[in-house]
Every structure is written in structure tokens, then in C-alpha cells.
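First the structure, in the form of C-alpha cells, and then the observations on it.
Read from first to last, the chains carry the letters A, B and C; within each, the first residue is number 1.
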Amino acid sequence: MKSEIISLQEVTFTYTEEEKNIRPAVDNVSFTIYEGEWVAIVGHNGSGKSTLARLMNGLLFPQKGTVRIFGETLNEQNLWETRSQMGMVFQNPDNQFVGATVQDDVAFALENNGIPFEEMVERVQQSIEKVNMSSFMNSEPHHLSGGQKQRVAIAGAIALQPRILLLDEATSMLDPQGREEVLSIVRKLREETDLTVISITHDLEEALLADRIIMMNQGEKYAVGSPEEIFLRGQELVDLGLDLPFAMNVSRLLRDQGIELVAEHMSEEELVNDLWTSHFNK
Amino acid sequence: MDITLQQVSYAYAKNTPFEKRALFDVNLDIPSGSYQAIIGHTGSGKSTVLQHLNALLKPTEGSIKIGDVLVKADQKNKHLRKVRQKVGIVFQFPEHQLFDETVLKDIMFGPMNFGVPAEEAKSRAIELSRLLGLPEEVLEKSPFDLSGGQMRRVAIAGVLAMNPEVLVLDEPTAGLDPRGRKEIMDLFYRLHQEKGLTTVLVTHSMEDAARYADRIAIMHDGKCVLEGTPQEIFENEERLLDYRLELPQCVKFQKKVEQMMGKKLPTICLTEEKLAEELARLMKEEREV
Amino acid sequence: MLEKMIFGRYIPGDSFIHRLDARAKLIFVFLFIAIVFIANSWITYGVLFVFTFLIIRMSKIRLYFLINGLKPVVILIIFTFLLHLIFTKEGSIIFEWKFIKIYEEGLRQGIFISIRFFVLVILTSILTLTTTPISITDALEALLNPLKKWKLPVHELALMMSISLRFIPTLMDETDKIMKAQMARGSDMTSGSIKERMNAIVPLLIPLFVSAFKRAEDLATAMEVRGYKGGEGRTRYRKLEWATRDTVILLTLVVLAVILLYFRQ
């Protein structure tokens, strides 16, 4: 049985400066994330998904409901301990680079947590290796691409050997190449360790990599399920401002053209096979 | 208004220890009324080309003809304002340029700089905010109180308000969610078709280039290495791979299907819709045989 | 224009000067500033001049780049030279044309002050050109550390400085981008009356401030999430190491001071 790592119970949050008649940014949301899972939280801009991230690491506290991490309710007392177990990567690659060079930046969280010098040197080295940035140890941030900066941010986040990695739209400002770099690093990390990954995103490709998807809409939890379950909702997702996987889009278009398919397919291979068996291979 | 780059080279910080060549001998022809995509990785020089298109940068060698103005290294800045009015640029994350008290004033900023009377600028702003789907009450708000998506639209309206003849777009949808992305791209395409607006799209996205552009130029290491219609460009998969670029998903899929059938479709399909249509036609033919 | 300035920038390299401990270089520059004022004659200024050229050679920075990059300062030096030339009225007149009279002492003072100015600018530039900003910050923090006793927030100041330095290139890029975006909208910062130019700066400054605040906010969040709670209980990743060459370079300064004192009038 998988053990719970994060659990939200009936969490509601409103940004205080806003008026009372505006809907809460997060409205009565409950879900549980288990150890070792990769969960994607998706939704259009303004659906409340980034607020969720901030609630999960204590940058914000809910007005109603509780956030439980590692079995304990998150509060002011266990906040710092929790944060040291949860690495986080933000959206803007420039605005989270604290150190003057790559290695300084990776060391930042280690310094904050009082890790002794020798161990620090070792961990910095290892973390940078894990994100394939070893040849850039002394580079300054403005000489790195967006994807490289985000990889450094990941190295900085995993240097403390956290149990959870939280990606808050970490790929949304990157070019396709940078996005691919970051995602392949996360995949690799998952293969090597039992890191729990929570990625907040509106990128379809990123969501497809997850074990489970939590879909947000207007501050409410709209749906939870495996990528297959979620994307089978088809038009519903499009109406909510999200994309469908390519193969699924083509399946739907083919149906509109009067071509019968066994199902709406998630992967290109399935679609090609279906076309082959039902239409050409006679 | 035609734009022609002739053997354009550019170096940043020339004659300092930090000198960096960004463009080498770039030739490119953007005829009036066309939709040109410029594709390349970060650092390929595509942003540098973009800044030449309305003379924000002047070539260190070579020249650019923008309409009837010829821009060269030693050109005086005076004549360049005329060019800037006719070539509007929507920069990446254009919402970063918003500054005025109200959305209305911000949209009017561009045209009024070029001497358009306030009344006229105001009516353009109102019309454009409608076109971009901004609710009317937004006009009197501060641009900093809007959502990210709305700020983007205001910034785009600010460029369109100058009534440019050429519209240059630098990754105009970066950071938007899928719906926002599609709405904005479709809008630009509509403007291109209805008003005959010459459009230059600078992008990483092969999909967008395939869907919208008449011609594609590929930039790599400061050089323009390929140029042609989308069909011509995508026929050449090996060369694209040399520049670490991939075919659009749709074309890739078409190749898979063609391989499976052992038969080619009559044309390279640039959109999913077109692909579905062609496949359907082919299947009907098969059935009839 | 900004991209041509080399003052305050770092050029990577591996010269003797590059390898010196940043603390040694900082102390060196401070002591040098004091020592420069010992000079008061042709010989002593000559010695200073030669010493400076030796340091330039040792740093392996090309003289051409140094002079080219320091052009704005050179103009300032020429200006000071002219001021002294025209306004010092001592000694015998060596040149006279209409109402302009140039005195011997004026020429002497002009040359001396220019050399003093020149060597100071060159040596401080060499400090920044051969030392990464982060090392300078670290060195400052180390040198100021004793002041912690008097409640000076040394760690916070050093962190502030290093973050500012880290964001300078980012903000410069940003300035360039916004300036170009506004120029593309017809704003003109380079011509017109002073009032017009002032007005043209507003569309640049406001977005720049908005973005700087946004960055500051994001950075603060990122720092908090990564466990930053101030200087207490922190360990340090960077260690400064004092080598023999650092002692040697400071000793050369002592020698220089002795020579200057000997030849002083």
C-alpha cells in the first residue's frame, strides 16, 4: 500500500485584499498524493493551480481546511523542516537564481541548512552532475539558456535530498528544447530515486508524463484520474481551455470526416495501427 | 511594403573584448502581403534579425530595404522613425512594456507618438480592444490590475493602434495557456488575411509556422540556412535535423501513415484538419477500388 | 553604448593578478590609494606610472581594451588637466596668447593630478576586471567581519551586494528590451528638448520598476522556499585562501612606499 505524502482536506483560500464577492482562488479542494507518485496539476491560467503550489509549501496558509505533509498538519512550527524536504522550482528562470554562479546557486539551500563544508562540496557536485550541468560549474546565470537555468534550479532543489519535487510551471517560459531538457532530467531523477514529483502545468506533454492528473477549473477540483481517463473527456477539456494530445485530435477530425475508428486514441502508434487494421489491411 | 535584407551582418559590442558576431551575411526577401515565419533555436540570431526589421539595430555590414528606406551602418536616425511607424513589433512578453495610468492611454501612446490626433487614437483604441476581446470597462483600468492574458492583449492593441503595414511577432504566445495561444494566433492570421497585413512570425514552433506561414526561413548560428515554402522546407527532413529542428507533429505523423500504407499522399499536409481530409479521401478511393 | 563600458566588469583569465586572493587585491587597492598621495615630484610620479604599467602587464589585459573601455574617464582626466592648466597661477609664465596665460606650476600640477587620477582608475579597474564580483563581495564580507561586534549587518550587506551584482546584467538586458519596445512604438529618447526627453523616460522607467519589484518578490519567495532565514546557522560554500603570492604583492606595495618616501621632495 502506498503511503500518503501530501493531503489537502477541504482547503479554501482567498487572497485577502480582494473583495468578498470574488470567488476564492482555491475553493474547497481535497486530494491526496502518495509517496513516489508523479502528479500533474493542470488547468488554464487563473484556475487556481499556482495558489495550490503555494499552499503546499506554506507560502500561503488556507483560511479553511488543512494541508497535511508527511502526516503532519503544516503550520508555522514545522514549516522550515517541511521546506527542507520539498524542493521547488518556479516559473521564471531568472528570478530564482540567487547565487553568482551555477555552483553557488546550487549550494544556497545547503548553506541555509547549515550543511558542513566538505559534505556541501560533495553534494553540490553530485546534484550538478544529476542535471548534466557539470561543464557549467562556474558559469554566471546570464550566460545560460532558460533550460539550463531551470536545470540548475532543479539541482539546487534536489541538493538537500528532498522527498518531494514541486515544479510550479517550471517549463512554461522555456523554448521546446529547454522544455525537453527539463522534462528528461525529471524523468531520469524519477528512475534513479523514489522522488515524488508534483508538476503544475498547462503543458500537455508534461501532463502526459504523470501517473495521475488533477484538473483544476475556477478554483475547484474538476477531475482526477490517469492521463487516459482525463483526456478521454475530449471536448470537455477543449471547452476548459486545454489542449488534447495530437493523436486524439486527429482521431476526432477523422471521425468528423466519417472515418470509423475503434476508439479515440491517445498515442500515435495506436492510431496508425487502428487505421491499418480497419481500413487498409484487407 | 517589401522588406529586403541584403548580406546583413551584425556584431554586438563591436571593438570591445565582449564583441559577439550575431549575424553573418543574411539575405531574406519579405514581399508585401506575405506571412513569413523565421524559425531557429535560442541564439540562432532570429531575434537580431527581428530588431533589424524596423531599424532598432542597424547592420554593421550590408543593408536592409524597408519600403523605400535603405538602412545601412552609417544611416542617420532621423529617417528611421518613418520606418518604425510602418513596421510594428510585438516583442516577446509585450506586457512588459505597459506603463501608462490607464489601458486606454497606453494603447494611444504609439499612435500619438507618430502624430495621430487624440480623437483618432482613442477611436482606434476602442475598436482594437473590441477586436481583441477586451471588455469595455477595462479601458479605464490600470494595465497593472489586469490578468496576464489581458495585459498581453492590451500590449498587442498598443502596437496595432499604430496601423502598421508590417506586423512583426516575436513568440507572441509564449507563456499563454492553450486556449489563449490559439485565440491570439487566429487573430493575427485574420488580420493578415482581411487587411493584407504583411506578417513576420519569429518562433520556435514548427506547428505554428506550418499552420500559418506562406514562407519559412530557418536561422542557425547567425546564418539563414534554409528558405522556402513550408512544403519545400518539410520535404527536407535530414537538413532540418542538421539544425536540431524537427518536423511539425502533423508532418511526422503523415510520414508514419505513408510508411504503413506504402503509399504517399499527394501533398504534405500542414495542419491536422488537412491531414484528416486527405486521409479520408484516400480511404474512400480505396473502398471504391 | 552601455555594452562598451568595461568599468566594473570581469574579464576571465588566469594571470598572476587573476589568481590573487580577492582580500589581498582589495587591501592592495586601498593601500595604493593612500600611497599615491606620497608622490609629489617628477621622479615619484614617474615611479607610480611605471609601477602601474607593470601591474597592467601582469594582469595580461590588453592596454587597447583598457584605454578604449575607459574613454569616458579619459575625458574626465583631460578636463581636470585643463582646469589645473588654466586656473593655477604660480611660477613663471611659460606660454601666453591673448588673455590665456599658462604658468609653470599649472602645467606641473595638471600633469601630476592627471597621473594620479589615471593610476587610480587603472588599478581599481584592474581589480574589478580580474576579480569576479562574488569574490569581491566575499572579500569585503571577510574584511568587514570584525565589525559584526558593533552590530553591523555584515552578512546581509554582503548578500545584498552579491544579489545586486548578479541582477545587473539581467536588468541591463531588460532596460535594453523595454527601450527598444518603446522606440518601436515611436518614443524617442535620443532627440528633442530636455522636457521631451524627460517625458520619454517615463515609459522606460515605469515598466523597469514594475519588473524589478516583481523580480524582487519572486526572488524573496524562492529564497524563503530554499530555507533562507538570515545569516544565523548558515555555513559557507565559498572559502577564501591566502597564498604566499598574496603576501608578496602586499610587500611590493611596502617597497613602493619606501621608494616614494625616499624620492619625495
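In this text, a contact is a pair of C-beta atoms (placed from the backbone, for glycine too) under 8 Å apart; a residue touches a chain by one contact, two chains touch by 3 or more.
Listed by chain with UniProt protein names: A = Energy-coupling factor transport system ATP-binding protein; B = Energy-coupling factor transporter ATP-binding protein EcfA2; C = Energy-coupling factor transporter transmembrane protein EcfT.
Because the structure is a prediction, the values reported are computed rather than measured.
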Think of each chain as a node with edges to the chains it touches; is that a line, ring, star, complete or other? complete
With chain centres set to the mean of the C-alpha atoms, which chain is at the far end from chain B? C
Per the centroid of Cα atoms for each chain, what is the distance between chain A and chain B, given in Å? 30
Just curious, how far off is chain C from chain B if you go by their C-alpha centres, in Å? 42
Would you tell me which residues of chain B are touching chain C in their complex? 12-13, 15-18, 51, 54, 56, 77, 81, 84-85, 87-89, 91, 94, 96-100, 109-110, 113-114, 144, 158-159, 162
List of chain C residues in touch with chain B within their complex: 3-4, 6, 9, 11, 62, 65, 68-69, 174, 177-178, 180-188, 190-191, 202-203, 206-207, 210-211
Chain A residues within the chain B interface of the complex: 44-46, 145-146, 172-173, 175-178, 202, 204, 241-243, 246-247, 249-250, 253-254, 256-259, 268, 272, 275-276, 279-280
Considering the complex alone, what residue numbers of chain A touch chain C? 57, 59, 80, 83-84, 88, 90, 92, 94-101, 103-104, 107-117, 120-121, 124, 140-142, 156-157, 160
Report the residues of chain C in contact with chain A in the complex, numbered from low to high. 132-134, 137, 162-163, 165-166, 169-170, 173, 214-215, 218-219, 221-229, 233-239
